[in-house]
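Take a look at the structures below.
Same chain, two partners: chain A is paired with chain B first, then with chain C.
And then the complex of A and B:
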C-alpha cells in the first residue's frame, strides 16, 4: 500500500510544496484581474472627492456635468436609495458626503460616462461650494475634548482600559519610552476595480469586485441600495493583493448605483493616487510604555497608553485598538498591568485593517522596551526574551489563558541558531550595490557599521470579542473529481492552492475543480486576521469529510462492509481490515455526493470595563533577528539578513508559507525604513509610488527561515495562520539592529535618514 | 490631440515649425506619467523616438569630445563604449529608475524636462557640457549652465529641438553619487557629480536636488584645485572637510515631502567629501 512514487507536483496533497493554480497565468500576464473586467456596452464610472480635510458643503451644482455629451449619470448623497452610510463595525461613513466632508478624498459625487476622459471633464464641471472648517489633525485633541466633534458620534471611537493585578507595583527596575509609528499603506499592486452589471429592470445587480469578504460587502451594498441581500450578487474579480485595504467598502456602492441608474454595466477603476485616498490605511499610533521588573529582568508590571489615529471614520478602529492593547505585554509573562487605549477620530485619512492589525503598533513598543530592559539589567536581547518567554497555560493581562501551542522560547532559540550572514559588510566581492545607498554609490565599506537586532511577537488569529466567526464550503464528488465551492476571497494568499490540497488528501482524488468564488454559497468570512487556512480550510476539510463518510457508506453498502473500516489510501478506498480496494473514481462514478459544512471557531467574549475576558480565539508566535548595515553619516540602511523561526502549527504547503514569510518581512522592513504616507494638515503629500517608497529587490535582505511545526490541537488541520506574524516583529528587529549599529535611540518608524545622522 | 511621428530630423523640425508649442515626446518616462496622472493636458505631440538622426553618438578622439544624440538612452550610456568616456554619466545613468525605464529614457528627455533631481544633469553641469539646439531656421549651442534656467525650465525656445549634447572626454577620475531613501529606483533627494581634469588642474563639482537648478560650487572647486596634488593623487583630510563644508555652503535646498533642507545640505557635504577622497585616495 504505497503511494505513487512520483507525485504530479500540480496535484499535491497536504504538506506538498505545490505551485499555485493561477501562478503561471499571473507571471505571464494572462490572469484576469478585476481591473481587466469588461462587458458589452459598459460605461466608465468616476468619483468626485473632497479637496479639503474638513468643510461644510454649501452647494453642489451638477448642471455643468449633465451638459457634457456622453455623461449618462451624475449621483450624489441625494441619490442613495437605501441607507446613507455604511461601515464594517459602526455604519458611520456616508456613501457620499452630504453636509460635511471629513477628509481629503471623501467621495462627494460620482458620474458614469462613455469614456474616462468624459468622466474627468464631468467631474471638473461639478461645482461644489465649500465653507472651510478647522480640521482636527492632532489625535490628542480628540481625546482632551478641545476640538468640537467632527462627527455626530463624537471624536472618540473607543476607549478601553486593561487593569489587572496589583496597581501599586513599582520597580525596582523601571524602563520607559514613547514610540511612534507613521501611516503605512497596504500598497497592493492591483488597484481597486469593479464591474457592476444591473439586472433587467434594474431591480437587482451583479458586482464583480476585488474584495476580502464578499458577503460583508453584499450586506453593506444591499443596505445602501435599499435592496434585499439576494438582489445583490457578488463574484470575486481577480485580486492583486489586499493586506486589509479591501475590507472596507470603496467603490462598490458607487459602481452599483451608477449601473442601476443607467441600466448599463459600469466599470470603475482607481488610479494609484485615488487608491491612496480610496482605502483605509494602517493607523499611525503613539505608544507610551513603562516596564517594571525584578533586578534579574523578569517583568512585574507594564503600564501603557496607546493612541490610535483612526482618521475620519470608524472602519475597524475599535477592533484594532483592542488588538493593540491586549498585545501590550508581547509574548512575555506579565501578571500586573495598567493599559489605557484610545482610538480617535480626526480629519486625517481613515485608517482600518492592515496586516498585523494593531499588533504591529504594540510590538514596535514592547520590543523597544525589551531591549531597554535588557540593557538596564545587563542581559543581552536574547537572554531577556528567553527569561520572560510566555508558555502554554500562562495567563494574559486580559485574564485569558493561552491554550494554544506557544513555542516562544523555541522561536527565539531556533532563530538564534540560524547562521549569521557569512558575508562581511558590503558583501564578499565588495559589490557596492550591497552597501547602504545601493545604486547611488554613496559609500564604501569604511563608512559602514553593522548592527544586529531582535523582535519577537504574539499575534491573535481569527476574529475576537464574541464575534461568531465562521466559514462555509460545499464539496461535490463525482467520477473521482471533487468540485469545491466557497466564497473565500483569494487575494494572493493561496487558499485556492490549499483548498485543492485538502480535497485531494481527504478524498483521494487527483482532480479538484475550484468553482467560481461568489455569494451563491454561504459566507467564508474575511480573508484577514490570518484566518482563512484555519477557518475556510476547516470548512473545506469538514465538507470533504462529510462527502467521504457518504462515499464510505456507499462502498460499505455495496460490499457489505462496516463503513468505519474504510479509509482512503492514495486514490483508492480500502478496507483497513480486509483486502477490498476500490478506486475513488469507481466508487464515486455516476452519482454525485454533495455536502456543505460550516466551520465555526470556539466562541470568544467581550472585554469587561477592566479589559478582562477571553476575547481572542487563538495565538501564533514568531521571532526575527535582523542584521543591518548602516551608513551613520548619511543615515542610509541596508538590511543584510533577516532570520526567523515561526510557529506555523503545520506547514500545509511549505513553499506558500515561505512566500508569506518573505512577503511579510518585506512589508515589515518597509515600515521600518521607508513606507509612510505623509500628511500635512490632512493633505497627502506623497500619493504615488514615486514618493511612497516600497522596498525593491535590492532592499530585500536574505531571509533564512526555520518553520516550527507543532500542530495545534485547536486548529482543524493543525495549521496556524501564517500571514501576519512575519510583518509584525520584523519591523522592531530592523530598528533594533539600526540602534545597535549606532548606539542611538530611535523611537519612530519609519526611521528616516535624518533621524540617524542629524 | 494630434501625434506626429517624424522619421527624420528635417521632418521633426518642420513639424515643430508648424506647431512650435507642441509637446515633445521622447522616451515618455516623464510625460506619460504626467498624462496618466492627469497632471498635464496636451494637444499637439511630436514624437521623436523614430528620428534616427537623434539616436546616434560620435566620439572625436582628436578633440576628445563625445557628442550624444538626444535620443541616446540611459541604458546605452550605462554600457560600453559610451561608459568608458564619461564614467560619471554612466554611473548616473545606472541610478535612473529600473532597467525598463533606462531602456526608454533619453538624455535629451532628461535635458528637456530639466528637473533639479534629473540624474544626468549634475554630471553634464560638472563636465561643462554644451547643449545643441536646432530649429527649422537655425541652430545654436548653449553651455548647460545657461540652458537650465530654473526648476523644469530651460532656455529652449518654441520651435527648437534639443538635438544632442557634447561633453569633453577627460582622463581624470570622475564620479556621481546620489542619496535616496531606497537602495534603487529612487528620485534623488541629494546628488553630487565630481569631475577632475588633471590637464587643466581643475576639480569640478555640481550639486543636484539642492536648489532650483543644478548648482556649481566655484569656491569648493577653487579650494580643491589648490589643495590637491594631482600627481600624487593626494589630498589632506582637512582639505576634504573644507571642501565638504564649501559644498554644503553652496547648496540652496528646501524642505519638501522627500526630505528636509537640513538633511539635503548635510548630505551633499558628505557626498562631496567622499567623492573628493575617492578621486584623490592618498592622504
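And then the complex of A and C:
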C-alpha cells in the first residue's frame, strides 16, 4: 500500500494532512445526510415514472390514488404553477411529462402520503393510458435525420467542428480506430433525497437537499414554482457523493410542489432503481480517430468524429461535447486537426455530467491511438508519449495557448519510475483471491497472462466558453475565531477541510467555524469541473486577505506602524521591520471584521464555427500505468496495480489529494472492466447494485502515487483541481494493459469477458 | 401515521442496550426502516435495498447483517447494535478515530456500515492481512475513496491494539 501522509497537526495549515472537520460525525453516524432530515408532521413524496421510452400520453386518471387513505396530494403537469420545464443549459425538460414521454423513467405524476407504502400503492393506482411511439435509440439516426424529431428542439443538441491548420496533410504514418464507451452511472451511495418545508400560507419554501450547486437549483426551482428567487431558500443537506449526478434537478421541484400543495413538510427519497432512472449519466460515445504522423512518431494531424448520445433531454450535453472535441489531441503537440462532434437527442436515458465530463471519452480514443502509433513506428508506449508530450506555451487545436504549468513529460517519467509490482501472477502466497475470478476459484494460474498499459490525460479545469462561474465567500474574524461562509457544495471532496486550512493560514487563527452551507450568501458555482479548490478556495483566500488587511490597518493605527509592514507569523501579527508582536486573538478582540469576496477566473471565449477560441480556463495533467492479469479463457481481469503521477499544482492537503486520486482511479477502473448501464430499446436492464457492478475492495489494486507539485501561478493558491484527472486516463491504461496481455485490439469499454475470450 | 396494510403491530426491540417499543408498525418493514423511521436511529444508511452495499450494516446477536434484508419483527428478542451503539457521541472508538485520521472518510455515507464491518472483522481477526481485510470488507461498497485509506485505517487499529492501545 501507498504510505499516506500522516496527520501533522490538529489545527492544520495549508499543506498539512489533517482530517475532515465533519469526520467524527460521519464515523459516528450522527452526520445528517439529506435523507436523514425530518420534520414534524411530514409526508412522504414519490414519483410516478414512464415505463416507455417514447409514448404519447392519452389520458391520466388520478382518481384511484385519491381514494387511498393517507394520500394528501397527487400532482401532474397541470399543477406546475410556473415554468413547465427546466434544464441546466437548455430548459427543455418538463417537470412532469404532459403530452409525450421521452425516456423510461420520465416523471409523469407525484404523490404525497403518510407512509412510503401508501405512496407506492397510490402510484400503482394512477392509470396512465399511453399510445406507444417508435423510440429513437440509435444516435446516428438523430444525426442523419431519418427519425422524426422527438422534441420540439430537434434531435441534434449541438454540432461543432474544429478545423485548424493544413487540412491536406496525410501520413506518411496513419493509424485509425473507432472507439466506443458505454453508459456509466455515478452510483453515489447517498441516494437522491430532500426535505421541503413550506412557508406559512405556502408563500415560499425552504428546501434541504443534496446537490452540487445550490444557487442554480434555486433559480430553476423558483421558475417552475412561479416564485421570485428569494421565496425559495436552499440549505445543503448532507451529500452522499455526487460525481456529476447532482448537477441537474431531480426531485427538487417535485418535493417543493408537494409541500406547497399540502402545506406540510415533504420528504422525498429515491430508491436505487429509481436513482438509476432519476439522474443523468455519463454519455455513451463513439469516437473515430485517425492520426497522421511523421515516420519518427511525431503527430502531424488528427482527424476525429465524436457522437455523444445525450438521451432524451439536453442537460449539459453541449458542454460535454465541447470538452470531448477540444481534448481530442490529448496532452500531445498537434498543429493540424479536423474534428467533427455531435451531441444528440435520443429516447435513451438522459446523460450529462460525470467526473471527467467528455474528456473521458476523448482520452479513451486518443490513448488507444497513441499505442497504435507507437506500434506503427516501432516505439514503446512511454517513448511515443514523451516524444509528443505537450509543454507550457504549446498551442492547442482550438488555437488556445497552454499558459498553465504543463508537466506532461514529468507525469510520464515519474509514473514510469514508480516500482512495478514485485508479485508474480497470483502473488507470492498463491492466494486465489489475487487471481482473475477471485473467490470463484476459476483461474488456472499457468494460463494467466500479465499486461502493462499506459494512459495520459489533459483535463480542463473550471467552466468554459465564456461562462463566469465565480465563487463567493464571507469571512468574519472576532476574538481570534474565523467564521467562514460559502455556498460551496461539500459532496465528500473535502472543501470544508481546506477552507479551514486556508483561513488558519491567512489569518493566523486556530479556530475556524464553517457556517451552514446555504443560499444566504452569493453563489459558489457548482462542485464540478475540478473547480472548487481553485474557485471557492480563491474566494475564501480572497475574503481572508481582505479581513487581514483590515486587521493590519487596525494594528497599524493602534501602534503607529505602516500596515504594509505587518505580517502573520503563527498566531500573531508581527512587524516585519520591528519588534511588535500582537496575538491575532488580541488584535481581533471585541470588534468583528467582516468581508466578502467573489473570485472570478479569467474570462474565456466561445468557439467560432471552426472551433477556434480561448474557450478553457486552465488545464491539469496526469499519467497512469496499469498492470493487469487476464484469464484469456474466461475473459476475466484482475487489475494488479495502478501507478500514477499527477500534476496537482500544490497539495493543500496531501491526504485529501491521495483520497481523490484513489477514488477517481476506482471509477476509471470501473468503466474499464465492469460498469455499464445496459439499455435495450431504451429500457434499462440492470438498474440495481446486483446487476450494475461497482469495484469492491477486492477489485481495487494497490495504487502507487507521485504528486507533482509545481504551484501554478494562475491558481489562487497554486493548487490545481485534482478530482477528475484520476478518472480519465486510468480507464485507457487498464484497457491498454489488457490489450498488452492478450495481443488483441479492444475498442470498447467496459471490456466484457466476451470481448476478451471470443 | 396510518398503517398502509391495516396492521397495527406492536413489539419491542433491544437496540444498543435499550428496550425500545415499536408501535403501529407494519410487519413488512425492514429493520433498517424501523431503526431509522420509527426509532429515530438515522446512523444506519440505505443505499441499495438488496444487501449489496453494506451501508446498513448492524449486528444482531453479534452477527454482522444488512439491516435492509432483515424484517424488524424477526429481530425481537435479539441484541441489536447499530452505529449509534459503538461509542458515545463525541468519544469515537479506535476504529472510528482511525477512519478520520487515515482519511478513510469522504462523503461518509458508507462509513457507518464500514465501521460496523471493521469492528466485527477486528473482533474475529485482530491482525488481519491486507487480503483478509479486502475480502472481509468486500460486502461494503465505497464509491469515494477507492478503499486504500480504509485499509490503512483498519491496519492502524490492528497495530495500535497489538501495541496495547485502548479501544
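Keep in mind that, in the parts below, the second predicted complex is superposed on the first by the 749 of 758 C-alpha atoms of A that agree within 3 Å, B and C clash if a C-alpha of one lies under 4 Å from a C-alpha of the other, contacts with A are read in each partner's own complex, and residues count from 1 in each chain.
We adopt the following convention: a residue touches a chain if its C-beta (ideal position, glycine included) is under 8 Å from a C-beta of that chain, and two chains touch if they have at least 3 such contacts.
Given the structure is predicted, the values throughout are model-derived calculations rather than measurements.
Trainee: Now for A:447: first (chain B), second (chain C), both, or neither, which partner does it touch?
Mentor: first
Trainee: In the superposed arrangement, does A:176 touch chain B (first), chain C (second), both or neither?
Mentor: Neither partner.
Trainee: Looking at the overlay, does A:188 come into contact with chain B only (first), chain C only (second), both, or neither?
Mentor: A:188 sits against chain C, while chain B stays out of touch.
Trainee: If you count the residues of chain A that each partner touches, which comes out higher, chain B or chain C?
Mentor: More residues of chain A are touched by C.
Trainee: Classify the contacts of A:698 with the two partner chains as first (chain B alone), second (chain C alone), both, or neither.
Mentor: Both partners.
Trainee: For A:688, decide between first (touching chain B), second (touching chain C), both and neither.
Mentor: Touch status of A:688: both partners.
Trainee: For A:553 in the superposed arrangement: first (chain B), second (chain C), both or neither?
Mentor: Neither partner.
Trainee: Let me test your reading of the model: by the given contact rule, A:608 touches which partner, first (chain B), second (chain C), both or neither?
Mentor: neither
Trainee: Counting only touches as set out at the top, which of chain B and chain C does A:752 meet: first, second, both, neither?
Mentor: So A:752 only meets chain B here.
Trainee: Which partner does A:634 contact after superposing on A: first (chain B), second (chain C), both, neither?
Mentor: first
Trainee: Going by the contact definition given at the top, which residues of chain A touch chain B in one complex and chain C in the other?
Mentor: Looking at chain A, the two contact sets intersect at 271, 433, 439, 688, 690, 695-698.
Trainee: Residue numbers of chain C touching chain A in their complex, please.
Mentor: That would be residues 1-5, 26, 28, 33, 36, 42-50, 52-53, 55, 82-84, 86-87, 89-90, 92, 95-97, 99-103, 105-112, 115, 130-131, 133-135, 137-152, 155 of chain C.
Trainee: Which residues of chain A touch chain C once you look at their complex with the stated criterion?
Mentor: 1-2, 4, 7, 17, 19-20, 22-24, 26-33, 35-36, 69-70, 114-118, 121, 186-191, 238-241, 243, 271-272, 429, 431, 433-434, 439, 491-494, 655-656, 658-659, 661-667, 688-690, 694-698, 700, 703
Trainee: Report the residues of chain B in contact with chain A in the complex, numbered from low to high.
Mentor: 33, 36-38, 91, 94-95, 175-188, 191, 256-260, 262-263, 266-267, 270-271, 274, 278
Trainee: Where on chain A does chain B make contact in their complex?
Mentor: For this pair, the touching residues of chain A are 120, 271, 273, 433, 436-444, 447, 633-636, 638, 673-674, 678, 680, 685-686, 688, 690-691, 693, 695-699, 752-754, 757-758.
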